[in-house]
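Shared between the two complexes below is chain A, which pairs with chain B and chain C, respectively.
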Partner chain A sequence: MQAPVPIAGSGSRPPPSTRPGMSRKARERRNHALLHIGLIIYFTVSLMPFVWTFLTSLKQSRDVAAAPLKIFFQPTLDNYRAVLFNQYSDDSALARVRVDIPGSFMNSLIIAGGATLLAMLLGNIAAFALARYKMPEREVYAFFFLAFRFAPVFVFIIPMFLIYQEIGLYNTHLGMILISQVIAIPLIVWVMRSFYESIPPELFDSAALDGATRMQMLRQIALPLAAPGLAATAVLAFIACWNNFVFPFLLGAKQTQTITLATITFIGYEEVAWGMMTAAAIVTIVPELILAMLVQKHIVRGLTYGAVKE
Partner chain B sequence: MAILAPPVRRQRAMNKGKVERDALETADIRAGRLMMIPALIIPVLLAIVFFFGFYLTLRNRRLNRGDLGFVGLENYARLLQDDKFWHSLSLTLKFTLTDVGLELSLATLMALALSQPLRGIRIYRALLIIPLMTPPVVGALVWKVLYRSGNGGFFNYFLWEAGLPMQGFIGDPSQAIFSLVAIDVWLYLPFVAIILLAGLQTLPQEQIDAAHVDGANGWQVFWQIQLPYMIPFYIVALFFRVIDSLNIFDTIYGTTKGGPGDATRVLAVNGFETAFPFFNLSYGGAIFVALWLLCTVAGSLLFIWVKRSQAT
Partner chain C sequence: MKLQNRTNRRRFVQGAAVGAAAVGASWLPTRTDRIRAMQDSFDWKQFDGGQVRLILNKHPYTESLLPLVPEFEELTGISVPEPLILPEAEYFQKLLLDLSTGAGEFDAFMTGPYVHWSYDSAGWTEPLEPFLADPNMTSPEYDEADIFKSLMDANRWDLTLGGGTGQGSQWAIPVMVETYVQSFRKDLYDEAGIEPAVTIEQWRENNAAVTSGDIKGIIVRGERGGGMTGTGFISSFRGYGGVVLDEELVCQINSAEGVHVAEQYCASVRESGPEGWANVTWYEGQESFANGSYGQYMDCDFFNALYDDPDKSAVAGQVGFAHCPHAEDRDPFSSLWTWALAMSSKAQDKNAAWYFLQWATMKEQMLVATVEGRNYNPTRASVFDAPEVQATMAEWANGTYLPVVLANLGGFATLGWSPQPEQTFVSTRWDQALQEIWAGDGAQTALDSAKEDIDAHLVDTGVRS
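Our next item is the complex of A and B:
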């Protein structure tokens, strides 16, 4: 079979059969079976790292360190007790690795949540203006925002490091929220612009005849109509801020330590606290997955800044 | 502005057939500009910071010793003769080419598979985005667990069981960069796949059916219909993936931190280390200006291509 499996038999009309002995139905069934096998293999490979991470997080430290690898073991919740409730057992050799995961989780929530709220407020007004009003220079604004998505963040981080220490924003939640705008605003402006552009302009024209102000049009027409997109965009902005590693890493210290940063501190110079690290990784990922599943429908548009609509 | 405004107004006036709409239009434009301001404050400040950052690279600013004065373009001259810089540049390009090449080709297969009317397709699509939502640093840690050396490591255990030689993966200088490509492909293949899938789904089925009726086989349909149709979608994917790969930092910092030796010391890792652990903020900054230039050139080329493909 030299033809790639996916295409053959995809038409609703029968493709000219290359094998007269086989009916269209039979060919299609065979192709689909092969596809299922291929996809199942892919997803087994692609999800296996998570499964293994989860299994590792249930191991006692002697099982984690065991060589050869232990596939069957006595599961324990010790690692979760450690990372979720700061209950570190003293008998392990890794007892001195103490990372405040609950505190870091709160920091992540405050920073990603605060940054998303602020950026939604600022970004939506701009997105609406870009979609609705024909400023001759509007593509310049749009391009200016986009430039931040594609500039290496370090170009800002080095000077910001000095500035933050000077003006007292270093290692503060406010500082993290402000710098995170550089991730959240461009995303929100671009994605929401594409949602607002898909609203028929006649709706606004008739509202204008009724004497509605611009802010009323945004609040009473645009926001309700774009509500699903709004939610999806907020979630994606939140995830982008939550996943960020470099800002809290270089512009913050203990007080702003986020959960991604906390997870990496389980790696010591001499040893890695694998069990606790994997438990922390699970704690980091699960909330994001739940959020992501809720907005699956708009994820393509969101991740491509509105360039691709589904 | 004044030069650009007339065509817009004329078009509007023709549409509405009302001249008095001109006044409203002007008010709209003024309001639109006002509404841009809140979102622009922080980005504009950061653009100023960018110039401050560039100015820093013209001085000799040390993290541990303060500002040692103005040096002009000395940091950039040093860059040109720095073997470590050229090594990290070529490593960055090698990483980006392998990474993006693999992602585009594998994602094409994935998108073709998921565009079929399979049973349970929704489950597959939901599963697809899982790695994509993982923080890159955490994704890297997850793979660090799998790559562990000795037969206590996941991959090595199976190699050992099968009687094959165990591998160093991220610990082996010759394999490290490709082991990192594997992590990045795992993270971002779904991203490219969902873009291409969205593209495939907008291709009218009649075109494919008509080709089949004309006797085209699957290969021909792919090369002559689907692939040309999807070019704009490939460009969007390229746009994001090329620039993010050039900037790769998180996954490397979570696994090898540039090692072993210099085997994975890409530009971003090199610049970070120079600026912070080695205290040379100015020289580290110069490395990032070089990286910024690289991204700008790549981004501009792709942007022109996007605009051109949208026009046709």
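Our next item is the complex of A and C:
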């Protein structure tokens, strides 16, 4: 029997596998190329703000504001000199009101680092308890932690401002570390809880039979097994605390000014110092970038670890 | 080549102005001389050991004042911990939090008339006239009369809603004043054979005439809540006889004058202005005009310090000034804003805080602030008239800066708004109406709706019955 011959214009086409002129390998190559083009476009668009920020940080004031946009320009490190070493040109108004980026950077390190350490300690204990132990209203407690993330910050920031003023935590590093728990602990509790839930319960049962206490189970079984998750969660918590603007703005002042807050002080009436502001922004993302790169494999593994339960 | 010559000439003019300022600066008494001279006539050590905590806006005045603070500490023995300095938006939020909660974190701060009306009526600011009137508290050299009376009056208010400015308590002392003008590209106007507009119709025509290729005719603030109606627009609105609130505090922005000015203004921005106007902030306008993208920016006069700076501006030497558009049968009008220093009613040490306010607004400090810190426009007549200050301002905007600003300060400029504590709501709702008109709504409809909302809000908040 003769195979039916497609009639031109009838709309019927041969199935893809039988299309003339393109082998399976060629189609795969084409799809691969299209995928790559798509990814290149996606990454170009995603990276554009960072590239733009970096290029602006190398420009002089006049080049930043130039119209049409200057793609080619004489790069300068003056902006980095200013933000890293407090070396401003004498004619700059900023020389009079130096934006202390190095000092603010240290404040950010102390606050974000301290907050992450404290939150990891407290959050992991809570996450382990919520994951492994039956208790009345367990889900209510779990939701309670999440509720901090639902509540708009201005709901509690004004009472906190007054309380901080009253008890002397206002404009202190300790105060900033404590308030940052509002950001870090819910994140740690909810992410780590799923890690602990994915650990086979038999391990804990055996440990219990051997007389291990709950803290020993956490320390000697749960934490080592959840190490990838710990790294991922710690980095995420650190980034969340590092990027926070509202707490240091409203509950801090000059002595606890973080780098996110210091960066905006390049806005002035005489000019907006975009070059210095973007240089400060680049400096701001360096610790996050280094941390993320150091624990990159743990982040990917960590974030997918608890996703599928056996 | 021609452009090169122009640039060279501009650089020369700028250099001359800077040189004049530098020579002027060299005439300033030294720090030791200043302190010695001040100690001779007044007991500045009366509150030795006190402390003043400051929150300041990121402003040329702040930048010029800070290097002088050690002099104050040496003169008085009062310590000034490092102040908190923030850009405008964050500054006002932080200050409001401190004042409204009564935390008393800051003793002295920067403010201005429209803003401190709400502070004054809430009792958050300390009246300053008792200090000014007390010879034991105020140096005989203070010379209050040297501060422009209209600017002192702008910061004086008897708490009467809808009126009473220039009477009652002195809530703050002005340290800088801005008025509003048409800053236009003289070279483009000359090329197009046009003169700066007098009426709002001419303004619209001019903006269209200059729009060509990459250059657009006009940029003005368009961000809701960012002073959009408070600078050039309200100046034109008032220049046509409009009033925002009448004596009964009833909103009148939908009057015939209001509709006319808003229609022409928004139509012109739509035809000859930036595409994303609703997001244009004051600094985007300032930068965009300075980089040569627009034929005009109708906004603050002192922005000219940037426009005529050849290191930062592409239009240095090409700018001209004119009054904001107004009805032909009326005088020009400019609203005004003064940055001023005020004291918190919760100040820890009010005497020390007053000493700081007094010292920071004296002639010597104000002169240094203007000459060295480019704090324009000064609020003291003696500083305004100082040769080095005049030399700088005389060159600005091709010689048009000084006549226009002087005329404004001489009578055309006054507060554009009626005093009442809900100023922010009124201006922001009016901003929204202009955005709606720009987006295509009818001017009458948009302004009627805004008027209704404003009236309802003023009743709800008890500003009027």
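Please note the rule applied: the second predicted complex is superposed on the first by the 255 of 310 C-alpha atoms of A that agree within 3 Å, B and C clash if a C-alpha of one lies under 4 Å from a C-alpha of the other, contacts with A are read in each partner's own complex, and residues count from 1 in each chain.
As a convention for this text, a residue touches a chain if its C-beta (ideal position, glycine included) is under 8 Å from a C-beta of that chain, and two chains touch if they have at least 3 such contacts.
Being a predicted model, the structure only gives us computed values, none of them experimental.
Chain A has more of its residues touched by B than by the other of chain B and chain C.
By the document's definition of touching, of the two partners only chain B reaches A:A151; chain C does not. In the superposed pair of complexes, A:G268 makes contact with chain C only, with no contact to chain B. Of the two partner chains, chain B is the only one touched by A:A292; chain C is not. Of the two partner chains placed around the shared chain by superposition, neither chain B nor chain C is touched by A:Q220. When the two complexes are overlaid on their common chain A, residue A:L250 makes contact with chain B and with chain C alike. Of the two partner chains placed by superposition, only chain B is touched by A:V300; chain C is not. Applying the stated contact rule after C-alpha superposition, one finds that A:A66 touches each of chain B and chain C. Judged by the touch definition given at the top, the superposed model places A:Q165 against chain C, while chain B stays out of reach. After overlaying the two complexes on the shared chain, residue contacts for A:S23 are found with neither chain B nor chain C. Across the two superposed structures, the residue set of chain A contacted by chain B and also by chain C is 65-68, 158, 161-162, 250, 264, 267, 272. Across the complex, chain A meets chain B through its residues 2-8, 10-13, 15-16, 18, 31-32, 35-36, 38-39, 42-43, 46-47, 49-50, 52-53, 56, 65-69, 121-123, 125-126, 128-130, 132-138, 141, 144-145, 148, 150-156, 158-163, 178, 181-182, 185-186, 189, 208, 214, 239, 242-243, 245-246, 250, 260, 263-264, 267, 272, 274, 277-278, 281, 284-285, 288-289, 291-293, 296, 299-300, 303-304, 307-310. Residue ranges on chain C touching chain A, taken from their complex, read 58-60, 62-64, 66-67, 81-88, 90, 93-94, 97, 101, 103, 105, 214, 283, 287-288, 290-293, 302, 305-306, 311-314, 373-374. Across the interface of their complex, chain C is touched by residues 61-62, 65-68, 93-94, 96-97, 158, 161-162, 165, 170, 249-250, 253-254, 264-265, 267-272 of chain A. Of all residues in chain B, only 1, 4-5, 8, 12, 24-25, 28-29, 31-33, 35-36, 38-43, 46-47, 49-50, 52-53, 56, 61, 109-110, 112-120, 124-139, 141-146, 150-154, 157, 160-161, 186, 191, 194-195, 197-199, 201, 205, 208-209, 212-213, 215, 217-219, 221-222, 226, 233, 236, 239-240, 243, 246-247, 249-250, 253-254, 268, 271-272, 275-276, 281, 284-285, 288-289, 291-292, 295-296, 299, 306 touch chain A in the complex they form.
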